[in-house]
Amino acid sequence: MTAASLPSSKPGGLKRLVERHPFLPALVIAIVLLALNGLYQPRSVSFAGITGLTKTYLALMMLAIAQTYVVYAGDIDLSAGAIVSLVNVVIVVTMEKLGGSGFSVVAALGIGLFVGLACGIINGIVVAALRLQAIVATFATSIFFTGLALYVMPVAGTPAPAAFWRTYGGRFFEIPFVYFAVALLAIVLYVLARTRLATQLLAVGDDAQAAYQSGLPVTKTRVQGYALCGLFAALAAFCITGDTASGDPLVGGKMTLFSVAAVVLGGSALSGGFGTVVGSIIGALIIGLINSLVFFVGTPSEWQNLVQGLAILVALMAGILVGRRARA
Amino acid sequence: MSKLIMRGVSKAYGATLALRRGDLTVEAGEVHVLIGSNGSGKSTLCKVLAGSVRPDGGEILIDNKPVTITGPHSARASGIGIFYQELSLAGHRTVAENICLPDMPGGIFVDRAALESRAQRYIALFDTVSGEGFSAEAVVENLRADQRQLVEIMKALATEAPITIFDEPTSALDRAQVDRFFDILRDLKAAGRSIIFISHRMDEIFAIGDRVTVIRDGETVGTKNIADTNPGEVIRLMVGGQDELAPGASAPPAEAADRKAPVLTVSRFFGKGFANVGFEVAKGEILGFGGLHGQGQSAVLRAIFGATPSNGGTLTLAGSTFTPSDPRAAIRRGLAYVSGDRSRDGVIQGRPILENVTPIHYLRQKLFLARPSALAERVKPALEALHTKFAGLGYSINSLSGGNQQKIVIARWLIDRPDVLLLDDPTKGIDLSAKADLFALIRQLAAEGMGIVLYSSEDAELLNNADRILVFNGGAVRRELTGAERTRYNLYQAAYEAA
Amino acid sequence: MTAATQTPAAAPSPVLTFLKQPLVVALTLIAALLLLGEALSPGFASGQQILRLLIVAALLGIVAAGQNLVILGGREGIDLSVGGVVSLSAIIGGNLMNGADSGILPAILGCIAAGAVIGLFNGLGVTLLRIPPLVMTLGMLGVLQGLLVVIRNGIPSGRAAPGLSQFVTQPFLFGLPGIIWLWVAIGLLMAFMLGRTVFGHRIYAIGSNEQAAFMAGVPVKRTRIALFMLSGAFAAVAGMCLIGYSGSSFANVGEQYMLPSIIAVVFGGTPLSGGKGGYTGTMAGAVLLVVLQSILTTVHIDESGRQMVFGATLLILMLFYGRGRAMRA
Amino acid sequence: ADYKIGLSNGWVGSEWRTQMIEEAQAAAAAWKDKGVNVEVVVQSANVDVPGQIAHVRNFISEGVNAIIINPNSPTAFDPVFAQAKEAGILVISTDAEVSSPDATYVGIDQKAWGAAGAKWLAETLGGKGNVVAINGVAGHPANEMRVAGYKEVFGQYPDIKIVNEVNANWDQAQGQQAMQNLLATYPDINGVWVQDGMAAGAWKSIIDAKKESSIAATGEIRKDFIDIWTKDKLNSGASVNPPGVMASALNVAVLMLQGKELKEPATAGQYKNAMYLPIPFIDSKNLADAAKAVDGKPGYYSYTSQLSIEDAEKLFK
C-alpha cells in the first residue's frame, strides 16, 4: 500500500497547455492587439502594414530572443543593446572600408557575428566565471561596449551600402525579404530548442547549485548562454542596419530594457528555468502593437508615452497573472 | 582489495570544522551505513567524495589507486553517483529529464528517444509505489515531496556508478517506498556495487546495512559489522562519552492526562489534503497525530496555524471561536507552530541568533524597538531550557549545527508561552540527543498546562510521548488510540487500513 | 549532549577580516582614487572639490538608501523606477515652491507623498500580484516617463526656492552644506532602523527567508510594501535636493540615478540577493562611484575612452565585492 | 482636412521640444485663416531610432500627405523615407539634417550655430585663453555638427586652447557637475563653450565658484536664463536655435503640398537637401530685446522665431 491515496491535483487541460506553451497568454494578447490595430487603422494590418511592422520590430524580436537565452539560466544581459550598437557600427565601418561590394557585406556580417559572440563571451566570463552579479556586471560591460562603439564610429551617420539595405528592404519572388529572414529564424529556433544546451540552460536556471552537483558544467553552460545572446544581438544589429541603412553608436541603447520586457511578456520567468523564445518574439510584437495602437486610436501626443507605459505595464502584469493562474 | 578508501579527509567552513578526520572504507557489494548526529559531518564527507565540496586535506583511493576529484563531473568519471540530502532537481524539467540530467543522451542535440527509454528503466523500478501523477513527463515541481525524493533516487541509480551514495534518501518516503528501495539496493549489492547509505532511522540501518561507520564531531570513530553490533552500541559510539539516551529511554507519559476543559477544539475542519477533521486538546495534554506520512497531519496543523488556507470548520481556542487567517493572527491568539523543515520554515539564514529567536516576542509584545540587552534577558531562559549551545547571541545562526539551529527556532516560541503548541514533525533530521532534550521540554511544558499537538513521522516518538494518538489516513482521522491502545500494532493497523 | 561541532579553526587574522569589510574596501578605494585624481590633475583632491563631490554623492546616496532597503528585503528586490521618481519629484517640488521659500515645506511633503504613492503601487504589484520587482518597477518607469511628458506639457517646470538652493549648495553648519548633514542624518536613521528596530529586523528576515518570516508572524507583504514606499520617498527627497542643486527642474533629470544607485548599493557590500548588508557601506559606495565619475570627466580623453575606462573600472571594482559563491564549496 | 501632416518628435527630453510641437500645431491652425484646413497628427515620445522609424511607418499607414520629423539619426531614415516617398508622402526634417535624398531639411545649420557661439566666445576673450567645452550626447548628430562648428572656429585662433571637452548629455544637472569638476581641475579657465540646456547648469557652478566675473561662457535662450543673465550681468552670448523651426517647416510643407515650387531649390548642407533658416544671436547688445520678447512667458519658454506663412511664400515661385 502506498501513501499516495490522496488525490494529487490533476493538471487540467488549460493548465497543461500553458505549461507546455507558456507563450499562449501572450499570443492571445498579441492577437487582440492586432485586431484592435486593424479596427482603428485597417491599413496597419494590410500586407504592407504587417511587413512594415515586421521590418521595424524584427530587431527587437532578435534581441528578445538573445535575452531569453540568458534568462533561461536565470541571468540577465543589460548590455544587449550596447552589443547591438557595437555590431552595427562595426559592420557598417567594415563594409565601408572594404568598398561596399557583395563580398564586403558577407565579410562584415561574419565579423559582426564574431564581435557579438566575443561580447557575449566577455559577459559570460564576467558573470559566470568571475561570478559578478549579472545586473551590475552587464551594466558595466554595456558602458564598455558603448565606449568601443563610439571609438569605432564617433558620429552616427556612415551609410551602409545600398546592396545591403536594399536586400533587407527588398523582395524576392514578390515576397519581402524579411519573411525569408523570419522563416530562417523559425528553423534556427526550432533546431536550437532541441539542443542539449537549451535544456541545460533551463536546468541551470531552475537551480544552479543542483545542476552543478548533478555534474552539469554550469559555468560553461552560462557562458554559452551569453555567447548565444551575443550572437542573436549581432543578428538584431543586422536587422537594425538593414532597416536604418547606417551606423549609429547609440542605436541599440534603448532596446535593452524593451528586450527584457519582451521576454517577460512572452511568459518566461526572469528567475530562470522556464520560458520559450517564441514567447519572447510575441512579447516584442506586443510592444510594437501597443505603440502603434496608441497612435491609431488618436491619443494626443503628450499622452502617448503615458498610455504606452501603462499599457505595457498592464500587459506585463496580465501576462504574469494569467500565466500563473493557468499553471497554478 | 577495498573498492573505496577515504583517509583523513578534512574540511572547514570558516571557523566551523565540518570534518576533522573522515575515514571510510567501503567494499564492493556492500551497503555501508554512515551514522552520526546532526552536523557530525556525514554529508560533508559524501560531498567531498561526490566532488561538490573541496576538501582541505585527506586522500581518496578507488580500487587502491589514488584519485583526485576536482568536481562533480570528475567524481562521475571516477565512478561515483550520489543522492543529495537536499536533492538536486530541476523543478521545471520533467521526471525523465531530471533522471538523465547528469549525462543527457545525444550530442549537440538531445536524443529524446534514448532519454525516454533510459528514464523509463528507472521509473519502472518504482512503478508500484510512485503514486498518482508520477510519470516520465510529469514536471518535477508538481510532484509531492516523496515523489521528488524518488526522482532523486532514480537519478542516482541512473548514474549506474560502481559507488553510489544515498544521503538520507528515505526521509520523506513511506514504508512501502522504503521497502521497494531496499529491494533495489539488495539487487545492486548482489551485482557487486558499493552503496553508502545514510539515515537517522535505526531500524532502516539494521535492515539494510552490512557495515556501519560512525562519525562524531567530524571524526570517524569506528566501523562495525551490522551483524556483530546492536543499536545500543552504535548509539554509544555516536554520543561518545556523553549521556546515553536512546529513543525509548524517556519516561512513558501519564496514563490519562487530566481531562480538563479543552484548550483547542477543532470540528468539521476542511482544507487542502484533509477533510472533516475534528478533535480536542486539553490543557496539559499531548495529542499525537500518527499514520503514514502525508495523510493530512501536517496539512491540518498548518491550516490551523493559518499558514495554508482552509475552507470551513469551527475552531475554538481558549474559549473563543476563530477562523484561521494567517500565522500572524494565530500567534497573537496564542498558537505556536514548529515546523520540521527548518531551512524552509524556520531559520533566517545569515542573521544573528538574537534576530532568529525574537520575532514571536516582537509580535506578541508589540515591540517597535529591539534593545539587545533587554532581549537577551528574555531569550536566555528559553535557550537554556533546550540546552542550546551557542557562542553568543550576536553570532550568525549559520555558525550552529542543524540541531542547534532547530533549537533556536523552537526557542522563539517559548519566550512568551503560547496556549497551544503545534509540532509538525519537529525532530525531522535531528539527532537523538537533541530529540531527547526536546521531548523532555515538551513534557515539561505540558505539565505546566500547555496544550500540545505532536505530529511525528517516527512511531516511537509518538508512542513514548503522546497521551492520545489520532491516526490519519487519506486526509481524515481514522482512529483514536488512548491509554493501553497506544501500541505499535494498533498504530500500524490503523495507518494501513484502506481509507 | 548537543550536536554542536563548530570549533574555531585557525581564526583568520583580525586585520585581514577588517580589510575585507566592504566599507573598508570602499574607503580605501576612495582614497586611492582621490590620490590618483590629484596626481592626474592637481587640485582634484582639494577640500572644496571634495565637498562638491560629496554634494553629488549625497544626491546619489539618498536615492541609494531606498534602493538599498528594497534590495535588502529580498525576493529579487530592486527598484528601477527611482529615476522616474527623482524626475517627477523635481517637477512637482519645483512647481510647489516656484521660487518661494514659503513653498519649501509643501514641496517636501508633496514630493514625499508622491514618491510614497508610487512606491505603494510598486509594492502592491510586487506583493499582491506577485509581479517580480524588476518587471514591476521597469513597467512603472515607463509609466513615470510618460507621466513626466504629460505633466511637463501641462504645467511649467518650476524653480527651486532660494532657501533650498542655499541648503543644498552653500555651507550650512561647520562649513558643510545642509545636504551633507541631511545625508549624515539619513545614514544614522538607516543604521538605527536596520539595527535597532523591529522593522529593521523584519527587513532582514523577509530578505533572508521570506517563508520563515511569514511563519514567524512577520507581516511580509506590509513590510515589503513599506520598503518600496520608502524607496519612492527617498528618491523623492533626492529629487527635491536635485532641484535645489540645479535651481530648476527639467526633463529626465533622474534617469542617471537608476543603475548607479544599484551599483552604489553593491559597492557598499549589499548583494542583490538581499537579507545581508547595510547602508553605511552604500554611502561609501556612492562616494566611490561619484569620485570615479568625476576623475573621468577631468581626464582629457575622448568620450569613447572615458566610457571604456569607466566600464572596465566598474568591473574591476566589482571584483573586490561580493562575488557569488563558488559552485564548489 | 485638405492636408494631413504627421509630426514626429523622437525625444521629449526638454521643454524646447514641447514648445517646438506647440508652435507647429499653432502654425497648422493658422492656415485656417487662409482657407486651408491642415490637420496635424503628432507622435512625440522618447523613442530610439527604431521607435522613430515606427512613427514614420504609422504615418504611412495613417495615409498622411506630409511627414515632418525631428529625427534621432541623420542617416537611419533613408529606407523608410524611400517608402514614404513611394507612398506619395512629402518628407521634411527639421532641427537635424538627414541624408535621405527623399527628404528636405528645413532648419538651422547646426554647424553654423556652434560656430556662432564659438566666434562670440573667441572674440570676447580677445582671441586668447583656456577654453573648455561641455557637449550634449556624444555621437548625436546635432551635437557632433555643433562640435565641428566650434572646433573650426577655435582652430582659427592659435592662442585659444581647448583644455578639455566633456559630455553632459544635454542635461542641466550633469552640465553643472561637469562644470564643477572642470573648475576644480582647471582653475585658470577663461571661457566655456556650452550648449543650450546645459548652460544654466554650467553658469550655476561658475557663480557658485564666484568666477562669474572672470569667465565668459555661452548661454541659452530660455526665459529663466535670460533673466539671470540680465540680473547678474553675465558675460554671455547665445546662438539661437528657435523651437519655431518645426512651424517653419510646416509652413514650407503646406506650400509644397499646394504644388508650389521653391525659387531656389533646397541644396545646401552636406547632404545637398537643406534649406537653412537664419540663426539669431543674443549677446549683451540685444539682450534687452530678447528679454522683452519672452516677457510674461513661463521660465522654460525659449526665445523663438519662425517663418511666417508670408515669409515662407516669399521663398516660393
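Residue numbering begins at 1 within each chain, and the chains themselves are lettered A, B, C and D in the order written.
In the analysis below, a residue touches a chain if its C-beta (ideal position, glycine included) is under 8 Å from a C-beta of that chain, and two chains touch if they have at least 3 such contacts.
From a predicted model like this one, the values you see are computed outputs, not experimental measurements.
Asker: Computing the C-alpha centre of each chain, which chain sits at the greatest distance from subunit B?
Answerer: Of all chains, D has its centre farthest from that of subunit B.
Asker: Calculate how many whole Å lie between the centre of subunit C and the centre of subunit D, each centre taken as the average of the chain's C-alpha atoms.
Answerer: Centre separation, subunit C to subunit D: 35 Å.
Asker: Using mean C-alpha positions as chain centres, tell me how far subunit A is from subunit B in Å, no decimals.
Answerer: Chain centroid spacing, subunit A to subunit B, equals 44 Å.
Asker: Measuring from the mean C-alpha position of subunit B to the mean C-alpha position of subunit C, what distance in angstrom results?
Answerer: 42
Asker: Any chance you could list the residues of subunit A touching two or more other chains?
Answerer: In subunit A, residues 150, 154, 209, 212, 302, 304-305, 308 touch at least two other chains, as defined above.
Asker: List, in ascending order, every residue of subunit C touching at least 2 other chains.
Answerer: 145, 149, 153, 303-304, 327-328
Asker: Check each residue of subunit D and list the ones that touch at least two other chains.
Answerer: 12, 18, 44-46, 138-139
Asker: Would you please name all pairs of chains that touch?
Answerer: In this structure, the chains touch in these pairs: A-B, A-C, A-D, B-C, C-D.
Asker: Could you list, by residue number, the parts of subunit C that touch subunit B in their complex?
Answerer: Interface residues on the subunit C side: 1-9, 11-12, 195-202, 204-205, 208-209, 211-219, 275-276, 327-329.
Asker: How about subunit B: which of its residues touch subunit C in the complex?
Answerer: On the subunit B side, the touching residues are 12-18, 37-41, 47, 51-54, 71, 217-218, 239, 242-243, 245, 305, 307, 326-328, 330-332, 337, 339, 344-351, 355, 358-360, 362-363, 367-371, 387-390, 399-404, 412, 430-431, 433-434, 437.
Asker: Could you please specify the touching residues of subunit A with respect to subunit C in the complex?
Answerer: 76, 78, 126, 130-133, 135-137, 139-151, 154, 208-209, 212, 218-219, 257, 260-261, 264, 270-271, 302-310, 312-313, 316-317, 320-321, 324
Asker: Can you list the residues on subunit A that touch subunit B in the complex?
Answerer: It is residues 1-11, 19, 191, 194-197, 199-200, 202-203, 206-207, 209-217, 273-274 of subunit A that touch subunit B.
Asker: Considering only the defined contacts, which subunit D positions touch subunit A in the complex?
Answerer: The touching residues are 7, 9, 12, 18, 21, 41-51, 53-55, 57-58, 60-63, 73-80, 82-83, 99, 137-141, 144.
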